[in-house]
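Okay, so chain A shows up in both of these, paired with chain B first and chain C after.
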Partner chain A sequence: MISTKLMQVKSLCSYTCLRKLSAVSPKEKQVTKEDPVLNHPDYFNVHNLFTVKDLFDARVHYGHRDGSLDERMLPYVYGSRLGHVIFDLDKTAEYLRMALNITAHVAYRDGLILLFYRGSQNSHIVEKTAKDCGEFAHTRFWRGGIFTNANKQFGAITRLPDLCIFFNTLNNVLTQHTAIRDSAKMSIATIGVVDSNCNPNLITYPVPGNDDSPTAVELYCKLFKQAILRGKEKRKEHESHK
Partner chain B sequence: MLKTVFNVIKTKHIQTNQGLQCLGPFTTQACKFSNTSQLCHSEKQTHEEKQNISKAMKAYLDRAREHDEFMNEQNQEYQLGKRHLANMMGESPETFTQHDVDNAIEYLFPSGLFEKKARPMMKPPEEVFPQRKAAEFDETGRPHHFLFYTGKASFYQVLHDTVQHIVDLNRFEDAMIRKGMRPDKDQKINLSGYQWIDKDSLEAKLVETIGDKDYESFVQAFERLCSLPYSYKVKDFIMEYRKPLMSQTKAHDAPKPQYDENGRAFVTTYECLRKSARGDVTIRSPGTGKISINGEDITYFDLLQCREQVIFPLLFTNMINKVDIEANVEGGGSSGQAGAIRWGIAWGLRSFLDQETIEKMRLAGLLTRDYRTRERKKPGQQGARRKFTWKKR
Partner chain C sequence: MAGSRLEKIGSIYSRTSGLIRSGALSWEDRPLWYDVYEAFPPKEEPKFDRPAPNMRLKTIFYKEDKARALFHQNNRQIGAGVLTNNTTKSLTQRFIETYEKLEEQTQGSESMESLYKQAIDMLNRERNTRQTSEGSEEVSLSNAFKKAQKTLVQQEDAPKINVKVSDIFKD
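On to the complex of A and B.
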């Protein structure tokens, strides 16, 4: 369990080093085996951010009707009740902790984090979360090529985000958000809350769970905000020590 | 990339609109030291500093420098041209203003082109070349704005703020209902006489291009905000995006009346124009309703309609026996002269009336200048539009 987490952290770092566009030359802070931050299984203590009970109270376990189930989501499903898919919250918690851990690590290393949500009901709270923790949000119509043709789109060389967090992965009921495909193309790590009708294949860190209810989205926003802030806090602490 | 940036040396913050003058610290820093060892140190420092700057920032600095040079060149050309122009017009180049430049250009290069923007002009380069945004990210390439990746950060920021206000007001309303209080009816936001700023001015305000659909959603969001019972609490925010409907008439303030040797207030309106008639009208108050036109009374006009035209503003404002009118008018026919006097009287009467009556006069069309003139006769036609009688054989 711990070793898998480690693998995830390291794989993220190697992914992101591939991309030459972003920030700065990888001069200092070499990733070594002795690095206490990376070798720690849960350096930012994200496991205590929530309990399975919290997830249940926020109605994370509700999926869509079982007719719309995507077969690739079967491993995360507990069963079906009254025609609706119910997620296995133990698994969700495990995946969510992994995602929170990665988020905190990226924030700790001054990565850019971009939050996504499509849908008018919850997009404001997502934007607000991004604003509050000093990161970025995109809850509007996705113009093609923001990642893949960034230099043209912004009229200059632009640093792309290092981590994309999707609080829902669908544009509408049928199509997946284009940014997921684009981040995969640009090898940007992604975290995605995948509901029972979504495809988790292109997402680096899928989190099975309900992506429609305001309570659930509020909970996700709260958790990821705390994880980001913890990462940044640690960063500040370590910088002041040097 | 995911690297931590320690020891970031704070470079000068760049805030100029066109992103000019930002080459600062790299080149100038070395010159400040005279000691060689110090110089070495500073070079090392600059080297380190350069490494800490992202590619994005570097590219921006290059672009800013290019733009800066270009604008400098243009500015020099403009200054030189202005001096030449001043010399040509026989005036002092030092006191030659932009207004003089415009007049000189209009005089030297007369143009009959309808579109004003197509006529020859000479303007400072800042007005000719479009404004550019300053750098939108810091040294590490981290954008300043949390909606940067949407591509229309300022526009979506406005929508974000609107929704935030809606959420806040709804919460406030709930609290008030719980307390059993109702919104203050007197403070209700009054939006009549105003309209939403149009798409072009919104684009200019935000320095972004906006689609038609975006503008629609902007208007919808704001209408929604205005429809809330407590919307008066965010009046300032709403009014930022509204503009008055009748800004033009309000811009022309009525002149203060002067006083003649008898102590009577009078106002003279010059350049009362209608068709090819022109004249000036003096209104004296208090008066007895005497009207003199070119030294004659109202019978100066033979036609009843023309006489009615002249006294119409006085009747409309109920000032018929309270003021004296003196008018000099020449050129044109009787109806043109009558129209010119009518406009002059209405324009001058504003000095003696309250704001409400003036607004009524504006709505009645008395303060609107009538620009229609006679259309010329065309060759091959009987008149301006009328064709010759045409018989097939």
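On to the complex of A and C.
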């Protein structure tokens, strides 16, 4: 609840500066195409944040039992080892680098980033990550309408996040987090770590990997925190040059 | 701000660009991620109704799995291991190593059973030599008990000090 209240406060103070930054007239439409930041394949150097060995050591390759496999996850899976799904870490690294790049870009454009995790074991580290990089976290029960009915619920025009990062996408073993559907409804980009029993379809930038192990969640938190901080750092640098 | 809440139709990008094209949403009011999405589109379009690919889940097996299966069939109880320990090899790993070494030496002239027996013999011999070299350092409950008994005997043998507690608090 606190996180959404904070979202309101931030919306008030950063709204004007955001307008200034993203106000581009149709004539300038071509300018964004030639933006050096966007045209660079990896402007924030996020590819060097991790190696496949790091992913392996953090046990990102472990999926659930193959009986609970969601068939839409098949292209990301390497195979089944004695009944347990194993992820293809080369593919995971590719998707994770893409997700980190998007995160850094959104942070660079002063976007509002909201981190999600359901599950008591790892929720504290996710909240701490959000605090460390000056963003927001929601790790509790999701009350319906926080996105879809925000203006009524908070009694004011509310700025919704620009990017939602889900470190797990399930509420419990069966149901998907409602915020994924709601983000799609409100046209908010999403990044989600999808385990072998999840549905990656509605997530804009899915990252196949283990979402239960504390080591894996710690690694994700560390990486996304660094990506956000790199984006913000570049933003500060460019603003001081102007 | 105009928006489409039909999340089951198209993707967030296709819906937003449709609104921009029709003029319901002005270019200035486009979402913050819009340019980033255009520059780095996801590998697959994030559509609700994207069908599951027609693929089969392949099974992962290794060449040494036959030897591993034989080892575990004959040894149901091989004790506990520490998963976080990357420095020492587990019993199964050591067995497979010796088995493969033997297989290479015999060049496939011996059956699996005889190779298994030889490998187990080698492992046993290795363990015996290690036990003798390490001596009494091995930690076990019986060893600890013996050690405790020994110290107890030593304490009993030591000269006793005659101190009475009642004497100390006399005055």
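Definition applied: the second predicted complex is superposed on the first by the 211 of 242 C-alpha atoms of A that agree within 3 Å, B and C clash if a C-alpha of one lies under 4 Å from a C-alpha of the other, contacts with A are read in each partner's own complex, and residues count from 1 in each chain.
In this text, a contact is a pair of C-beta atoms (placed from the backbone, for glycine too) under 8 Å apart; a residue touches a chain by one contact, two chains touch by 3 or more.
Because the structure is predicted, anything quoted here is derived from the model rather than measured.
Trainee: State whether A:Asn172 touches chain B only (first), chain C only (second), both chains, or neither.
Mentor: neither
Trainee: Which partner does A:Leu114 contact after superposing on A: first (chain B), second (chain C), both, neither?
Mentor: first
Trainee: With both complexes overlaid on chain A, does A:Asn48 touch chain B (first), chain C (second), both or neither?
Mentor: neither
Trainee: Which partner does A:Asp162 reach: the first (chain B), the second (chain C), both, or neither?
Mentor: both
Trainee: Touching A:His124, do we find chain B (first), chain C (second), both, or neither?
Mentor: The first partner, chain B, only.
Trainee: State whether A:Val106 touches chain B only (first), chain C only (second), both chains, or neither.
Mentor: Once the two structures are laid over each other on A, A:Val106 reaches both partners.
Trainee: Is A:Arg140 in contact with chain B, with chain C, with both, or with neither (first, second, both, neither)?
Mentor: first
Trainee: Could you say whether A:Gln153 touches chain B, chain C, both of them, or neither, answering first, second, both or neither?
Mentor: first
Trainee: Under the contact rule defined above, give the chain A residues that sit at the interface with chain B and also at the interface with chain C.
Mentor: Touching chain B and chain C on chain A: residues 22-26, 29, 106, 109, 111, 162.
Trainee: Residue numbers of chain A touching chain C in their complex, please.
Mentor: Residue list for chain A touching chain C: 18, 22-26, 29, 32, 35, 38-39, 66, 69-72, 74-75, 77-81, 85-86, 95, 98, 101-102, 105-106, 109, 111, 148, 162-163, 181, 184-189, 201-206.
Trainee: Which residues, counting only chain C, touch chain A once they are in their complex?
Mentor: Contact set of chain C toward chain A: 3-5, 7, 11-12, 15-16, 27-28, 30-33, 35-37, 39-40, 42-43, 46-50, 52-53, 55, 57-60.
Trainee: Mind pulling up the chain B residues that touch chain A in the complex?
Mentor: 1-6, 51-56, 59-60, 63, 137, 140-143, 146-152, 156, 160, 163-164, 167
Trainee: In the complex, go through chain A and note every residue touching chain B.
Mentor: My answer: residues 13, 16-17, 19, 21-29, 106, 109-112, 114, 124, 127-128, 130-131, 134-138, 140, 143, 146, 153-154, 156-159, 161-162, 235, 239, 242.
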